[in-house]
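After this come two complexes, each holding subunit A, first together with subunit B and then together with subunit C.
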Partner chain A sequence: MNTPSSSLMETVIDLAGVSRRFDARLALDGVTLAVPRGCVFGLVGENGAGKTTLIKHVLGLLRPESGSVRVFGRDPVGDPVGVLSRVGYLSELRDLPAWMRVEELLRYSRAFYPKWDDAYAESLRAQFGLDPQARIQHLSRGESAKAGLVIALAHRPELLLLDEPSSGLDPVVRRDILEAIIRTVAEEGRTVFFSSHLLDEVERVSDQVAMMVEGRMVLAGPLEEIKLTHHQLTLRFDQPQAHAPVIAGALSVVGAGQEWTVLCNGTRPELVEAAGKLGARVVAERHPSLDEIFVARAAKKVPAAARVPTHS
Partner chain B sequence: MFAPALAILWEIWRKNRWALLAIFAAIPFWAVLNRALCGPLQPRGDEALALVWPVLVFLIDVVPMWLSFLVLAVIFCYTEPDPQRGHARFPARLFVLPVRTRVLVTCPILYGVAALVAVALAWEKLVLASLPPVEWMPLHFLPLTYVGSAMVLLQATVWILPGFPASRLIVLGTLLFGLTWLAMWPLAHAGAGDWSAGQAAAWQSRSTAAMAVISALAYLAALFAVERDRRGVERSWAAWRRRLGRFRDVLPRRRQPFASGAGAQLWFEWRRGGGLLPLAVGFFMALVLGPIAWIVQEVNPASSIVIDAESTATMLGIVLALPLVLAFFVGKRNAERELTQTPFHFIRPVAVGELVLRKLEMAAWSTALAWGLVLVVTPLWLAWWCDTSLLHRGWRALATWYAPPTRHALAPLMLIAALALTWRWMVVSLYLGLWGRAKCFLWSVAVSVVGAWLLLIFTASLAHPGKLMKHELDILPWLGAGLAGKALLAGWAFRSAHRRGLMTARAVWTYLGIWLGVTLCLVTLALILFAPTSASKAVVILGSTLVFPLARIGLAPLALAAHRHR
Partner chain C sequence: MQIHITTHDGVPVYLQIVNQVKYLVAAGRLAAGEELPSVRTLAEQLLINPNTVARAYLELERAGVVVKRHGAGTYVSDEGSPLARKERRKLLTQRADALLAEAQHMDMALDEVMALVKERHKHLNPPQK
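Let's look at the complex of A and B:
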């Protein structure tokens, strides 16, 4: 596991060794994470990896069994009002009250946040094309997400927590509006922490990324640093190889005969040296995408017999 | 055909097997219980027991029978919640199966009718038939056509009106009332000896035929509605609903921003369920004071529009009991709704104590409005339509029993007691709902229903004056233990809530003050009403002290905090 790079910047979210179990299933397994102020932090992972559980711990909706959670230096369970007044949250569930009208939702939410910006709320509502008289129950899933986004943003929170924000949004809104909002929030010095399945979106927007697999944090750090420390090398052997070559730091090895493609974690000279020791030459190399890194890391837990090569 | 039919049957069984097994096991158990108890309990020359016998039979056998019908009705309604629309409807997931709509509709209807008829028959043959005769017993040997028709009407109404939870209740209540009248009217007349055997048989045949036609029409309507639902056809009333929505838009409603989070939260709680109690009271009051009073009244030859004196007194008693009885159900419903809190409810920056306070405040407003409705409408009804001579006689008798200061205190004390007891039922289960554990909540509902039932049986069994005294003194230690337990639990709950910052000291002392004031009123009222006939004032005082909730209010913030931060 890569621990988050130590930073002198102020951390907004600080999780230390957080574990949480639901019946027999370990949903979070000693998760440690620090999210610095002013960054866009993307959390990726498969279904059931523990992303939503982690976000609920940050909100104080779940109490850690072990470890500690601090948001703005406060315990979200002990001081929910102090924490939640500075947080904007978009739930994955789209759980806005079905009986409310959009206008009522805005008026109701406004009452709880002294920093609520009416003009901003109205501009977001207009930008999303939400009818103020429409009832939530008559909105589509995407429209419901937009309504949730308006109330999460309109009080200009110091921390914006988005759980699968893209779910249900059409590509135009996702790419042109959501991403613009996220960047704007970050440029104002505020923090965005979001989970997503859409790795290309995470890659486009995030400054820092964390990856969860089965409740464990397997990777976390600045996006550029992660990409620079992962390499995809194509190795050519003089003789056909009966078995996949074993290289330290390899996350996935696919190929056959003389040519094998290896996705690995480490510095380039170390990897080239390791390949040379096996009698192979590096004939091609590139930095893999976040998607490729994620697939390789997630596939490591899958039994070898069941693994399907992603590259030929 | 058979595979989908069996699959639907299996699904209903798998989902409700414990409830169904409990009902199937309860009937033989009751049959054995009756046979064991009939001998010792049967009145043999004991006048007091002869008087109370019908009440005991009703409580011991008829109430559980109707409860089992209610559980079956809930099971075979065959609906599922639609989270997006926020109401229960015919399971839309079945629409994508390669099965004809008539199979999807017919199977649950057939199963429901078969189950209800079988259970009604089993109660009749195994339980009720083994009892010594009671005057009104024939009314509970329910015609099977009535039982089956009631199930079809229930299912049809629930499936046809999915988006109208309140209207659904009103329509269903009206239809079942009409059906019951249709089924029971010939039975009542035959039982009263108004008709010859031939007349009674002819009327019963007509009634049975009418119920069969009603069932067939309800089935066709359900089939039509589900078929349209499956094809995504907008129902004609959906357009009406939109028009109604547009009409509502022009009605005056709050458009100003809320002055505070507390105001916004109170509005939120009110919109979630504050209007339910006043609405339910209004509906049932209209039903009782209108058609029911009209049907049960003895026709007065002098004036055909005046409700006779006895019916007036009966209907007045029912109307005054309505807020209390309905608050029990509305309170359970409101508590049940708290079980499914989503993150939306918990991520507002509002303290737990504040959230609980707004729920309690909403219940208070709801109670006040329901009683306001009763206190405004009932006097008008009495003044315009009723023969109030019996009530006047009662008032004069009251005046002879109580001296002026006590007599003058009675009305305000009764009003406070009525408000307090209604509010009690609205909030007494709140802490269980706020805790968010569905199984615990279901168990608590079961325990409270069984507890209330046993309490009624116990109260009915206290008919004999000698026995009454003995029993009263018997329960004194239990009441004392109950009060001690209540005080200890309340002390712990309020102390914990305060120490954890969930309740301010001011909120704790304010509620303790309210509890003390209301309890003093209840004790005073109970002493005025019951002390002259009671063996022990201590029993009256202790019993009254247990009524108004204390510990359960203290537990509410702790429960909500446990739910909010699981």
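Let's look at the complex of A and C:
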């Protein structure tokens, strides 16, 4: 399980400058993204940030207004069969036919996938405790998520695509879904791309993370790199400061008087030097959690003057 | 092997595993020659990425805490961890620092703290008859 540099790895999903407008609103704004084979890629963002729209472009359900989308090197709009037969997809809405029974749903779904594995489908159904005679419309939220997951997994897709898989589910079902993600990636060569607003979950299972804010990709890369290039420093000044200190790379500044806590992006020596120039000492420092990085990036609590281009 | 992962304090997940395995070895809760769970098993148990577990095991191997036997899994080093002693000292140093900071906060003199430590030691190790 080595992780060679991404340039050497095969790219499963490749988006270049993808834009999409719904009426006046820019839902995707020049999104560029590369998902290497074999990784778990977590897409985070608030509701309405454009995550589902992005996934619909990957599935070929929407055509980009500008830019290009490639999945396994193919255009999902031009070659839907070539792409979708290799993708397992769990939608946020779990739009399964309500009138079918579970066993009917499985029989119906297998027709779409040449590589459907009956034995595997049956073992997943049993493992998830789904009654084959139950009608979809009578399933609980968690059960219909599991039914959707059986269909997404039973043809052993090269790419598993999950849109907010844990949304509205209890911890037990969330655990089943996370286990499925981990098992999928542990089987060699498979790739998982999932969107979530549960940062804790994303931080646990992802190798790669991308962050969307209002249709733009504000941050993307290996999770570890993102964590190592963000620092939370607490600065102490000799005199109380009337205004928040201005530091290059600062994403959020919180504090008052002599002590201010800054969440910033950059290398540690640069940041310590910048603090020194302001006449402050670093009295505490730590790496922020993904959740804290996301909140700082999304909330834009920094006054305009302090917002400067950041390396990411 | 009890390992607890948190994503709230900013410490990378692989490092949390490395630190806790070192702690378990130092504390004698993982014995020399004991087998660690496979990468996949631990990943599923902790609900974390398998690459993260593999990375932690690699770090532990480099530090001499564990050895990989080809095709047969990962085991706690036979010679005991060469780092165990250093690691134990490091762990205790952290605890000692926390104790001293608390004592200072409560205005307790060092003599008093030392007396307390000795008293507790006596309490935990009653003289053998």
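In the analysis below, the second predicted complex is superposed on the first by the 282 of 312 C-alpha atoms of A that agree within 3 Å, B and C clash if a C-alpha of one lies under 4 Å from a C-alpha of the other, contacts with A are read in each partner's own complex, and residues count from 1 in each chain.
Heads up, the rule we're going with is that a residue touches a chain if its C-beta (ideal position, glycine included) is under 8 Å from a C-beta of that chain, and two chains touch if they have at least 3 such contacts.
All of these numbers come straight from a predicted model, not from anything done at the bench.
Visitor: Identify the partner contact of A:D207: answer first if only subunit B is touched, second if only subunit C is, both if each is, neither if none is.
Guide: second
Visitor: Classify the contacts of A:L178 with the two partner chains as first (subunit B alone), second (subunit C alone), both, or neither.
Guide: Second partner only, subunit C.
Visitor: In the overlaid three-chain picture, which partner chain does A:E224 touch, first (subunit B) or second (subunit C), both, or neither?
Guide: second
Visitor: Does the superposition put A:R63 against subunit B (first), subunit C (second), both, or neither?
Guide: After superposition on chain A, A:R63 lies in contact with subunit B alone.
Visitor: In the overlay, answer first, second, both or neither for which of subunit B and subunit C A:H287 touches.
Guide: Second partner only.
Visitor: Regarding the shared-chain residue A:F112, is it in contact with subunit B (first), subunit C (second), both, or neither?
Guide: Only subunit B; A:F112 stays clear of subunit C.
Visitor: Can you pull the subunit A residues that subunit B and subunit C both touch?
Guide: The overlap between the subunit B and subunit C interfaces on subunit A is empty, containing no residue.
Visitor: Looking at the complex, which residues from subunit A come into contact with subunit C?
Guide: Within the complex, subunit A contacts subunit C at residues 1, 3, 40, 175, 178-179, 182-183, 185-186, 199-200, 203-207, 224, 227, 232, 286-292.
Visitor: Show which residues of subunit A lie in contact with subunit B when the two form their complex.
Guide: Its residues touching subunit B are 56, 59-63, 77, 80-85, 87, 89, 91, 93, 95-100, 107-113, 133, 137.
Visitor: Enumerate the contact residues on subunit B facing subunit A in the complex.
Guide: Listed in rising order, the residues are 83-86, 249, 255, 257-261, 263-265, 267-268, 271-272, 342-344, 346-352, 564-566.
Visitor: Help me check something: in the complex, which residues belonging to subunit C touch subunit A?
Guide: Against subunit A, the touching part of subunit C is residues 5, 7-13, 39-40, 43-44, 46-51, 54.
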